[in-house]
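Got some structures for you, see below.
Paired with chain B in one complex and with chain C in the other, chain A is shared by the two complexes that follow.
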Partner chain A sequence: MAVTDKAARRHRWDTRFAPYGYVAPYFLLFGVFGLFPLLYTIWVSLQHRNLLDEGGASLVWFDNYARLLADPYFWNAMGNTMSLWLLTTVPQILFALGIAALLNRKVRTRTLFRMGVILPNITSVAAVTIIFAQLFGRDFGLINWVLDLFGGGHVDWQAGTATSHVAIAVMVVWRWTGYHALIFLASMQAISPSLYEAATLDGASGWQQFWRITVPLLRPQIIFSTIIATTGNMRLLAEPLLFNPGAAAATGGSDRQFQTAALYLYEQGFTNYDFGYSSAIAVVLAIATVIVAGLGYLVTKRIQTE
Partner chain B sequence: MRPKALAIGCAALATAVVLSGCGSETASGGKTKLTIGLFGNFGYAELLKEYASTHPDIEITDRTASYSDHHKNLAAHLATNNGAADIEAVDTGYINQFKATPDKFVDLNTKGGDQLKDRWLGWKWEASLSKEGKQIGYGTDIGGLAICYRRDLLEKAGLPADRDQVAALWPTWQDFMAAGKRFQANAPEGVKWFDGGPTVLNAIVGQASVGYYDRSDKIVVGDNEEIKAGWDLVVDGVQAGLSAKLLYSTPVWNTGFKQGQFATVTCPAWQMAKIKDQAPDAAGKWDVTSVPGGGGNWGGSYLTVPKQGKNVDKAVELAAWLTAPEQQARVFTTSGLLPSTPKLYDDPAIVGYKNPFFNDAPVGKLFTDAAKKLQPQYQGPKAGDIQTAIGNAMQRVEQGKQNGEDSWRQFVADVQK
Partner chain C sequence: MTAVLDPPAPVRRPAGPAVRARRLARRVAGPWTYAALIAVLAGSAFPVYWSFVVSSQTPDAIDRVPPVLVPGGHLFANIARVFDTTDFALALTNSIVVAGTVTVSVVFFSTLAGFAFAKLKFRGRNVLLLLIIATQAIPTELGIIPLYLMMSEFGWAGQIHAVIVPGLVTAFGVFFMRQYFERAIPDELLEAGRMDGCHSLRLFWHVALPAARPAAAVLGLFTFMQAWNDFFWPLVVLVPENPTVQTALSTLASGYTTDYTLVLTAATIGTVPVLAVFLLFGRQIVGGIMSGAVKG
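For the complex of A and B:
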């Protein structure tokens, strides 16, 4: 009797506390690598603090934020970030939908194609950016050479605001479209063929079927992809940084024409050693990301089945 | 399935912990591991090998990054008190920023540095000395100025190629630009007179009696007429089409050397190593002659020993050895870096040295003369960043985004912010 009692108690303990044990590793890692840096960044953002001089830090409360809101270079960087967000997110989702629809058909060696689209995503971002920067080179770039063949002339891609944004957007879209396409493809395969058969009987064209059946049923994945793309693009750093290598890399062009908010953060933190100010940028950027991701969610949520 | 996954996860975590625990400073066999963090080309490959062979208890790893990456990484490693190499090179443009926090570095004066002081030029020693008198770095080279030029391209444009005659073309920077206009009138297709406005401007700034700062660390470049006159002159040259519009130390600039996109480039002594690295096929086409204006310094470096290192005594010993006159002499003959130790300026082996890559130019004589004439200019805390900002400003003119006056005003406002 006593033995079963003990076993029962152990069982009760087990069911009550074991789940916490199972989820603990995640929360432990999140606490160390997620929550702590977040709170510490907020704490530093309230200080006037040199990156190299922790001892000389002083608490200034919201001074950094007041300075930030009046800083034209910060707003320039936010504007560039928003521009790049639009130029990357929208084409990414549209191209991914198209590619997923193509891969969903019965084509020969489709496994090869399906694996192929993910390749850009697993290559090193630094290597890709360096190669793209060469493709977009002013004097010996492949793209200018092709443009030249069609009488397009010489474009100094890094010099202009629009041209530099297009070049950076191409790198991001190239890198991420395949990733989103695979997510869309997986959900497309879960759509029941009977829906398409019924639509075909009703005389709906392929194009109509795509927009009226496929896209609405992919809504959850499109929302997911939009949010992932948004959070990724709001902290865009490597592409603009490496697009303009050299001592001036952190300014994102001679007139900051492609300096993103994350790059401005990097400049303030690691060129000016203004740790407090760059932390304030990080906090504002995090808030902006939540807002923009919310906007993206509201837009994509409106995709409806009719 | 789950417990198994958990076990694998634990094993992976355990491995990671063990691996990071393994990254200790003592290598197998009881050797002391020293790392040295460099940028560009210090010409140390041979010397490090030799040091390791004469010191069997030492194993040296060198890691080289680009100029800006190196200094940004160093700042991050100092900020976190983790990850810095045992010896870290620091350029003139950054030394003031780092000596403002001398406690991050070993005070070399407490490790016998005060005994070695007389090795270096006085101003070189002063420049890495903190306000409290702590010495954070031993000087490596200085950036005495010259001009490197392509003989073949000058000849094609109908200009003289002989180095004395070329020097006679440009006693001043005004003459340099005038010669450029003559060159450009008959230049081979796709070749410009100089590589980029920022490079030329850095040389002119390096020759000014006052640079970006005054001696009380106040930024005075906005009122510096000497620099503004240089700016106007370079803007004029850019607008006359003399610039290949390539920013120095970038991949496109490196390509410019390979493709022969420009006929001249400002040559601080360390530039010679860069040219040789970038365009090894151009041996004999390049030559070196004296700089317009005379004198001036651009760059030059220091070896520092971050305090966070585990073997600071051995690191200090190596840094002292690498910067000793004997080693600096060897670096000069192998890589062209101009010694910061005046004892060598009258050494016949140095003065008589001719560089075969540069058409046997008498670089020993040329650069030791430049070093003797050099009037050191005071560098303020963020001279390196201001140099970047003025380069950006000149690029705005080259890219046609702004005219010279607007770009200058924006530059002054930016750096005084």
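For the complex of A and C:
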């Protein structure tokens, strides 16, 4: 009797409490090193907290935010962030759709091509940015050399706002397009071939079929990719930081022409050690990201099925 | 997950009347499709290839017009220079320790929690799962200031466990493994195990863990590559004297030297481990992404 009683108790303990033990390591570690810092950012953003000041931290409520709204460098960084968001997100999605459509045909050596498009995504952002910074070099850069062949002038890519944004956007688009293309390809393969067959019999061209059948049916994936791309592209840091590495890298160019909000956060936090102000930037950037992602959702949601 | 193991066979359709229409209907790639795909392939591979070319040339080759586009014979001389002039050996060791520890930990804890979420019943399970899904969308980098303050408080700033510990679990990993277990293990199997008096930990060890292998491998690949390539947090919390490969690259490029052949050789060396993983397991990586293994 005692044995079965003990076994029953053990069984009850096992079914009732053991599962919490299995999920506990995740919640413990995430709580301490993920969620807590995230929430604590809001608290730090309400403080004057500079590592270089002797006084330590003091609560100043919304002073950091007031300062932020009047800070031209912050607005410059937000403007650059928005410009880069547009220049990266839209081409990423469009190119990814095109590449996925190519890969969706019956292709020989398809594993090779699929691996090829995802290759940029697995390379490190630091290494790739350093490589691209050389390719975009003013005097000996390969891209200027190619432009020269076609009669283009020598572009000083880092110097201008537009040119530096284009160069950075190229790096981001290069790195992420293949990833989205594979997401789209997976859904394209689920589309019934009979739809295309019927359209072909009706005389629709490949181009028409793409826009009228493929794209509308991919709406959920396009929405998903737009949101994922937005959250990534709103916090670009490594690309602008390493595009012009050096002592003043955190300013994103001599005139801050390619300083993103994430880079300004880094500059305030880890070159000026102004943690309160830097946290306020983090909070505003998070809110801006949610708004822009919502905007992206509203736009992509409008894709209609015929 | 089946997409990882055996991609679906191409569907053959009956031919239409005209050749072009038939090709369109059967979705067979024409010459233009191949040309476009080869161009995409070339564009994808070029920057990495070019970095390799520069790494194998003498330092003056990078400034030559027209540019040098074929590998030379100086690769090992340049690699030797990288290891002589910087402590790149330490950076590589650190990166291997960080990426290795993080990968083992993420795979283990994700499998454990994913199993519980998929196959065990407990109060609050759905709420906790929803919490995990929600946190996946939050960029945790935004908490970087408090995280740095914490690490300074612990006295970990500048040391690699400051990089390892926050990476030990990911919401994505738990969710990914949970999705896999949902389909991979029939409930009857676990019921039978229960009848035989198996403790849930034994069920996990003898039933779930062996069944999880394919998904755990994909998760491990992604986690390793992500940990190896991680840049922002190591840059913030580490010091140049104790770098990972990525922060060492950043330091090297930041005016430590104007010898860009040296910098690009370091970049090439730093890319080799992920490239090796990619060449060995490319199929699984492609399959993982196509089956929804998001790694935003």
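FYI, the second predicted complex is superposed on the first by the 268 of 306 C-alpha atoms of A that agree within 3 Å, B and C clash if a C-alpha of one lies under 4 Å from a C-alpha of the other, contacts with A are read in each partner's own complex, and residues count from 1 in each chain.
To be clear about the criterion, a contact is a pair of C-beta atoms (placed from the backbone, for glycine too) under 8 Å apart; a residue touches a chain by one contact, two chains touch by 3 or more.
These numbers were taken from a predicted model, which means no experiment stands behind them.
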| item | value |
| --- | --- |
| Fit or clash between chain C and chain B when superposed on chain A | clash |
| First, second, both or neither for A:V166, with chain B first and chain C second | neither |
| Which of chain B and chain C A:G246 touches, first, second, both or neither | both |
| Residue contacts with chain A in the superposition, chain B compared against chain C | C |
| Partner chain in contact with A:N272 - chain B first, chain C second, else both or neither | first |
| Touched partner set for A:D156, first chain B, second chain C, both or neither | first |
| Which of chain B and chain C A:I118 touches, first, second, both or neither | second |
| Partner chain(s) touched by A:R235 [first = chain B, second = chain C, both, neither] | second |
| First, second, both or neither for A:V215, with chain B first and chain C second | neither |
| First, second, both or neither for A:S254, with chain B first and chain C second | first |
| Which of chain B and chain C A:D14 touches, first, second, both or neither | second |
| Chain A positions touched by chain B in one structure and by chain C in the second | 25, 130, 133-134, 139-140, 245-247, 249, 270, 275 |
| Partner chain C, residues of chain A touching it in the complex | 7, 10, 14-16, 18-20, 22-23, 25-27, 29-30, 33-41, 44, 99, 102-108, 111-120, 122-128, 130-135, 139-140, 142, 145, 174, 178-179, 182-183, 185-186, 189, 193, 196-197, 200-201, 206, 209, 228, 231-232, 235, 237-238, 241-242, 245-247, 249, 262, 265-266, 269-270, 275, 278-279, 282-283, 285-286, 289 |
| In the complex with chain B, residue positions of chain A that touch it | 25, 50-54, 130, 133-134, 137-140, 156, 159, 245-251, 254-255, 270-273, 275 |
| In the complex, chain B residues that touch chain A | 9, 66-68, 72, 75-76, 78-79, 97-98, 100-101, 104, 245, 247-253, 255, 259, 261, 384-385, 387-388, 391-393, 395-396, 399-402 |
| Residue ranges of chain C in contact with chain A within the complex | 3, 8, 10-11, 13, 16, 21, 24-30, 33-34, 36-37, 40-41, 43-45, 47-48, 50-51, 54, 62-67, 109-110, 112-113, 115-117, 120-122, 125, 128, 132, 135, 137-150, 165-166, 168-169, 171, 174, 197, 199-201, 204, 225, 228-229, 231-232, 236, 245-247, 249-250, 253-255, 260, 263-264, 267-268, 270-271, 274-275, 277-278, 282-283, 285-286, 289-292, 294, 296 |
